[in-house]
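Only one structure is covered here, and it is reproduced in the block below.
Letters are used for the chains, namely A, B, C, D, E and F, taken in the order the chains are written, and counting of residues starts over at 1 for each.
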Amino acid sequence: MAVFFILMFSLILSSSYAAVQDFCVADYRAPSGPAGYSCRRPETVTVNDFVYSGLGVAGNTSNIFRAANTPASAAEFPGVNGLGISMSRVDLAAGGVVPLHIHPGANEVLLVAQGTLVAGFISSDRNTVYLKTINSGDIMVFPQGLLHFQVNVGNATPVLAFASYSSPRPGLQIVDYALFQSNFPTQLIARTTFLGIPEISRLKAVFGSTN
Amino acid sequence: MAVFFILMFSLILSSSYAAVQDFCVADYRAPSGPAGYSCRRPETVTVNDFVYSGLGVAGNTSNIFRAANTPASAAEFPGVNGLGISMSRVDLAAGGVVPLHIHPGANEVLLVAQGTLVAGFISSDRNTVYLKTINSGDIMVFPQGLLHFQVNVGNATPVLAFASYSSPRPGLQIVDYALFQSNFPTQLIARTTFLGIPEISRLKAVFGSTN
Amino acid sequence: MAVFFILMFSLILSSSYAAVQDFCVADYRAPSGPAGYSCRRPETVTVNDFVYSGLGVAGNTSNIFRAANTPASAAEFPGVNGLGISMSRVDLAAGGVVPLHIHPGANEVLLVAQGTLVAGFISSDRNTVYLKTINSGDIMVFPQGLLHFQVNVGNATPVLAFASYSSPRPGLQIVDYALFQSNFPTQLIARTTFLGIPEISRLKAVFGSTN
Amino acid sequence: MAVFFILMFSLILSSSYAAVQDFCVADYRAPSGPAGYSCRRPETVTVNDFVYSGLGVAGNTSNIFRAANTPASAAEFPGVNGLGISMSRVDLAAGGVVPLHIHPGANEVLLVAQGTLVAGFISSDRNTVYLKTINSGDIMVFPQGLLHFQVNVGNATPVLAFASYSSPRPGLQIVDYALFQSNFPTQLIARTTFLGIPEISRLKAVFGSTN
Amino acid sequence: MAVFFILMFSLILSSSYAAVQDFCVADYRAPSGPAGYSCRRPETVTVNDFVYSGLGVAGNTSNIFRAANTPASAAEFPGVNGLGISMSRVDLAAGGVVPLHIHPGANEVLLVAQGTLVAGFISSDRNTVYLKTINSGDIMVFPQGLLHFQVNVGNATPVLAFASYSSPRPGLQIVDYALFQSNFPTQLIARTTFLGIPEISRLKAVFGSTN
Amino acid sequence: MAVFFILMFSLILSSSYAAVQDFCVADYRAPSGPAGYSCRRPETVTVNDFVYSGLGVAGNTSNIFRAANTPASAAEFPGVNGLGISMSRVDLAAGGVVPLHIHPGANEVLLVAQGTLVAGFISSDRNTVYLKTINSGDIMVFPQGLLHFQVNVGNATPVLAFASYSSPRPGLQIVDYALFQSNFPTQLIARTTFLGIPEISRLKAVFGSTN
């Protein structure tokens, strides 16, 4: 039996240099590449790298959207690095809204844990708005790169939902932020969206563009 | 402006033959391939194809595991076909257990919605059991193809959890079923697992192998 | 030598059923799947399936954007099906603009063949507008799923440009169309974008929403 | 326990329409797509679809190369469809050669089972010929899309080797066949290769071009 | 001609910084990532990085399984890093067995070079055991993430086989090792497998668990 | 509103360590891996990393091919790293030719911007030469890993063309260079191509092999 274990042992040894077996827990201090963060050596990995408790706490919804998004992507949760999956928590106070946005890097499935939402996405080929009221226990899929949104339509009931993504780095582009909280010149916004200048200026004030 | 819309219109026309834009809602009556089911034509797709309510209902846990797994993979939820993501619901009665199993086709992130679990997976390179007690709000990742399990350790409290997968077809291989509810010959089980024949026979009786 | 050719012949025979060797020219009449259109049998394929002349003709820019986009995706150009690449032609009359839009399914590299553009995209993580004046011979990359735009800033000079995509199905979601030429309810637009109702109504009139 | 089995049963039922679980045995009579052949329904699949005996028989080497290549790609071996792997058998009589060729669709690892080869490939960036004499038990890797070759240099000893590929459809482009057994016009060969016309004509005669 | 060569030269120069052309020979001293090891600079690569002789030597089968597995994955064979392929050698003495195991990261094709095996895998959807006696020259495919095994059933004849994998890092999870040679608590094994405690204790003694 | 911005701020902070959001601009001084170069930190990235002007300048065609290829792959254009796309510029003087070559790592679409070409590729399964005269405005696709070529057949008119690739690292293997400008031994060329020794020697002199 001895030699068999020796062979196994040598397999373990060589693997200890590999750090690429089974999982690739993110090493935030080493270079990252197109496929994600570098991997930590497996001997430094513990079960805590595979568990994340940050989604157990409600986000603060005292903001203009009455909403909070708490991510558990590879940047916060090292265990999902390279694994094609991640999550986030969505809290919506009464009247809260997840404004029109895109995930450039992932498809999403949203699980409603509490409350009632109107949710929708817009297809690119026909500009169809796929719109539905969804309730606790429902799941809805939002394809990658398409504009979508969710609105709390329950009377005074907060919404708790969890989004799952098909990538450890889904990204999040909120249209209002992209336009009105960025360095996007007003004239260029007007030309590329046909929005009126006064409306743009109003929204830049709302969203805090310093441009 | 006319011509621009005509161009758009022709784009729509050609897309109507494509059925491959933005999403690929499963057509269960057409051939499937390595990448998933065929796509339904977009003009037949409605928002209901993107919403699934089957996870809102508790599974029946009156079984030997005191557990139920309710899938929302591409086979049940046509909207996730081809999108690299799917979900399932896990119910565990008091003392319930998700027995040792593998998802051959996906990484998993499990969200505990209610209750307390002991969960773990075993790495392939060092046979390390990554084991932790996880509570409501926690998420834990289980890498693809590795043996893992969950046990309800809360006193008399049922567990509700939701699993997200990095594929619309994660697969589910329960070791007990593979060995003891299949046509796996007893002698061959013994030789390939070193389990004793009496133990195999006992478990075949428990799990209902007719072999 | 005979037998060697026989072997080759049998290889050809088996391949004639395969239709999956080297390329997969789109069969628009068979089912499509997540990876694209079905393949035509190679014996029915000619060189014309690999050549497309539709980009040699200027699009009609007599529209509100003074712009035309002429696609050569898998829906128009069967030879790129399954090959991870496609193109489109962009014409901008004097003062023309490619309005704010997203390609949900592809990264883009734009080649300026004639004229001068101001082009930009907005990153999702910091809402940075990456903005530059680009000239004939320049190429610029626009990452997948991010809002971007191009404006003809040359004095009275038309712009001709060619976009290449990292997918045969890049998709094209124009924000103005998604919002104002769709069935997106005005109240919901207002809640999810913070645009004022009068502005929404004005733009719905401009873009022809019948909602 | 009843309900649990019912749940399992319903899982099986839905899977029976899926035909996409675990494997995708090729259905040669249904359409193929960019990802491979359509899948046969799992209830029609037997273990024989996963076993192939065609590589157990020596190919006939009575040809100009004194060589035979016997493929076990998805076109011959339905069980590897969609699985990212396939094989072939290589027989070289004394003095036999696998002429300069490319696999457009796969990386290759060649295992020498018997005999001695000189094998090599040429890198694209520096035109370096990586060349080595390899013996029984050795494996050598040939990266995708690079020109490579093998020559039996053993004195009168036949070579038996097995190639493994990183795709079920590696493809095989033999340079001599592409140039001299095809409809490639002689003048065009000359212009694009700088080979002399007499040499081209000689080789067209050798390889049987009817052009 | 000069300038053309200069252009080529500049291409070579820029490529010398790239180290990502054609192949990516593993650099075991640099960080690894989700896609594999870092690449060595091409100017330090020789043909020996693409050839591996470790599979030419029989593994030592003097162990409980009368078996040996000798891997040639990216951890041992730097030339396959990033190339979607690797191999291993399997030796089985008379009566030897490759015990029930999974490759979490790859599909496998097994080539029998000598002897007779009974081999099988278990599907996840129906718990079907696909079982067959395979002989020298046969190949059999084992889909990713599914439990499988091989048993030498030849009378006193050793088996020599070679496994090819669809990944440079297939992984290897032996069920007996995962359960009985790991830190998996006995009570938890019992609850998640329904094995009896005495049987677990017996096998922990056999496989050397120190838990 | 304060807390919402704080959440956003923390998202930005964590992303600032990620360097993997939206894009992955090549860091030429850090290790590269199978998926490409390491990413530069986003705070060091400017719009100039996404724009490349090198294709605006004609290559020098004073060489034996009367041709120049100017690449804009990830090695020259850091913005396309990891994005599945790149380009190059092709100049052909009167009578110029892009000699028989392969891109081992990408499919290609060629856009003719000026002039008239005869272009073709050879399929691997049937050795069919797909051959066509293409003009300004035409695009033609060349599948990955297949031998192809272009010849300027316009009377004294230079050709300008732009190639797009389905990878940031398409690679370029010119058959004449691989054979006659490399360290490929003459005897081995002869045995693996059936070219005559005098012809090989002649071409080695033409292409400058020092071997």
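Keep in mind that, in the parts below, contacts are C-beta pairs under 8 Å (C-beta built on N, C-alpha and C of every residue); 3 or more make two chains touch, one makes a residue touch a chain.
Chain identities (UniProt): A, B, C, D, E, F = Germin-like protein.
Worth saying up front: this structure is predicted, and the values here are computed from it rather than measured.
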Third chains touching both chain F (Germin-like protein) and chain E (Germin-like protein): A, D
Third chains touching both chain E (Germin-like protein) and chain A (Germin-like protein): B, F
Identified repeat of the E-F interface (over half of residue pairs identical), from B-E, A-E or D-F: A-E
Remotest chain, chain C (Germin-like protein) as reference, centres from CA atoms: E
Label of the chain whose CA centroid is most distant from the centroid of chain F (Germin-like protein): B
Approximate Å spacing (C-alpha centroids) for the pair chain B (Germin-like protein), chain F (Germin-like protein): 42
Centroid spacing, where centroids are CA-atom means, of chain C (Germin-like protein) and chain D (Germin-like protein) in whole angstrom: 35
Centre-to-centre distance between chain C (Germin-like protein) and chain A (Germin-like protein) (centres being mean Cα positions), rounded to whole Å: 25
Overlap residues in chain C (Germin-like protein), where contacts from two or more other chains coincide: 11, 15, 18, 21-22, 31-37, 64, 83, 104-105, 120, 124-125, 131, 143-144, 146, 171-172, 177
Topology of the chain contact graph, where touching chains are joined (line, ring, star, complete, other): other
Chains that touch, pairwise: A-B, A-C, A-E, A-F, B-C, B-D, B-E, C-D, C-F, D-E, D-F, E-F
Residue ranges of chain B (Germin-like protein) touching chain A (Germin-like protein) (in the complex, touch as defined): 11-12, 15, 18, 21-23, 42, 46-48, 50-53, 55-57, 72, 77, 79-80, 83-87, 106-109, 111, 113, 120-121, 123-126, 130-132, 134-144, 146, 162, 164-167
Contact set on chain F (Germin-like protein) toward chain A (Germin-like protein) in their complex: 1-8, 11, 14-15, 17-22, 24, 27, 30-39, 81-83
Residues on chain D (Germin-like protein) engaged by chain C (Germin-like protein) in the complex (per definition of touch): 28, 31-37, 59-65, 67-71, 74-76, 104-105, 169, 171-172, 177, 208
Complex interface listing, chain E (Germin-like protein) residues touching chain B (Germin-like protein): 64, 97-100, 102-105, 118, 120, 122, 124-125, 127-129, 131, 143-147, 149, 151, 171-173, 175-179, 181-185, 188, 191-196, 199, 202-203, 206-207
